[in-house]
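This structure is in structure tokens; I'll ask about it shortly.
Should a chain be cited, it is by its letter among A, B, C and D, assigned in written order, with residues numbered from 1 in that chain.
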Amino acid sequence: MPVLDASEVRDFLEEVWPGSTRAYVIEDIGEGTARLRLVHSPERLRPGGIVAGPALMALADCAVWVALLGVVGREAMTMTVSLNINFFRPGAPVDVIADVRLHRVGKRLATGDVLMYSEGDADPIAQATVTYAIPSR
Amino acid sequence: MPVLDASEVRDFLEEVWPGSTRAYVIEDIGEGTARLRLVHSPERLRPGGIVAGPALMALADCAVWVALLGVVGREAMTMTVSLNINFFRPGAPVDVIADVRLHRVGKRLATGDVLMYSEGDADPIAQATVTYAIPSR
Amino acid sequence: MPVLDASEVRDFLEEVWPGSTRAYVIEDIGEGTARLRLVHSPERLRPGGIVAGPALMALADCAVWVALLGVVGREAMTMTVSLNINFFRPGAPVDVIADVRLHRVGKRLATGDVLMYSEGDADPIAQATVTYAIPSR
Amino acid sequence: MPVLDASEVRDFLEEVWPGSTRAYVIEDIGEGTARLRLVHSPERLRPGGIVAGPALMALADCAVWVALLGVVGREAMTMTVSLNINFFRPGAPVDVIADVRLHRVGKRLATGDVLMYSEGDADPIAQATVTYAIPSR
């Protein structure tokens, strides 16, 4: 079972990164899983009216962090080691849903993958794999 | 529904790459999915008796190709554009199971992700994301 | 020789993405190369006072785009296909310099790598590889 | 200066992985750099007579390991954590040259990038970024 539930992770996120939970809504924390919603905002669109790539990169980075907090608890000092993202189709100007599965939570490294969807659409717009370093505990 | 089933992909693989299906057993082709088995062989181990990283890279590359053949049919001239792989834990000297999901099959590019497991173990040993270029049809 | 020089790319960037050149200063465009400066701003820091990972992801994405514009000219509709980034050390709260080399500019795909440095420091803080799709010309 | 030179790394490679130096010729070890030659062999070609992708993945993996051995010395138990590779153009049926630069050699993680060239050709056929975990020393 997760060490922190969605509302506890939300509180922690807001504490260490004030304002972040207006953009990133934590919808669910499960056993090594998480679901986030990136709230639509015109400032995250690029020319052409589609979701900007960097907004999805930031979402993936945050989403895996959130899933990891659910497992390791209130730990602000994890650091992203690597991120790999593939973009499949343009993202419509709506909320984006991010579904995370953690594949490894080791002593030092944790890795998860994220599928991102335009709300209401079954085909993912992007997929990312993110690895975090966990400080010595 | 897949254009080619597991046995048709197997025949095609053997045709364009003779001998390959001794190492790579196609267990299933579904709708945008595939399952392969990499048959254990001492020559794919590295010092320490664990599965060599390059053997898993080659498996991931082949597994996404096989899933793609299930969708696009007998097309030998697809080419790998990129591959990203993360290793989570040492692979025991047993068969490796690779589970593929295709996330995009476009006109030009197709991308899938692969989770790899030591047979009989629920925790993945590696995860890869592979993109292929599809020649003009 | 580049099709567009640094000042022409700057004008184009500002045209399609107003305000962007306050953060991203194009210092040089060479033959398949570019140098950008990400201007330091407190809003790009994360807890701990180091440069936020997503700020470097966005920089890498922009830097390869800029190098590509130098080669293909005023083309707004290129799209990021994939981005892979590795973080090596925390970035100090100063400007970040991004050095791009393009390795391929094909008909459909272009790929470059980017090394990112805290200004005045010789060891890179991050490295990224970014692939763009180029629309039919 | 490197801890091991090219001939010492060669001896170590042959010791822990007998036969490997027939395929992988270490041409140079510098300060955080290495150059390897993958000797041409028909068994590393794919249908169409071009160098198989997995042969280049294995080369990149080995090349970064070799560069790392030059820095950390005789350490067999490093493990690949992640590898990202992009393929730019088909590799001709000739030797492949791999040029490595290490960007980080930390206590726990080391990362390098590799450019691979068909011998005698100035345009790279592939680029890879590889991260190794280093056991506690």
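Here is the rule we use: a residue touches a chain if its C-beta (ideal position, glycine included) is under 8 Å from a C-beta of that chain, and two chains touch if they have at least 3 such contacts.
Predicted, not measured: the structure shown is a model, and the values here were computed from it.
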Maximum centroid distance from subunit C, chain identifier (CA atoms): B
Chain copies touching (subunit A, subunit D) - same or different residues, decided at half shared: same
Subunit C and subunit D: spacing of chain centres that average the CA atoms, whole Å: 27
Whole-Å gap separating subunit A and subunit D, where each centre is the average of the chain's CA atoms: 33
Intercentroid distance (Cα basis), subunit D paired with subunit B, Å: 23
Where subunit A touches two or more other chains at once, by residue number: 81-82, 84, 86, 131
Residues of subunit C touching subunit A in the complex: 16-17, 46-48, 53-54, 57-58, 61, 76-77, 79-87, 90
For the subunit C and subunit D complex, residues of the former touching the latter: 84, 86, 88-89, 103-104, 106, 111, 113, 115, 123-124, 127, 129, 131
Subunit A partner contacts - residues on subunit D that touch it in the complex: 81-82, 84, 108-109, 131, 133
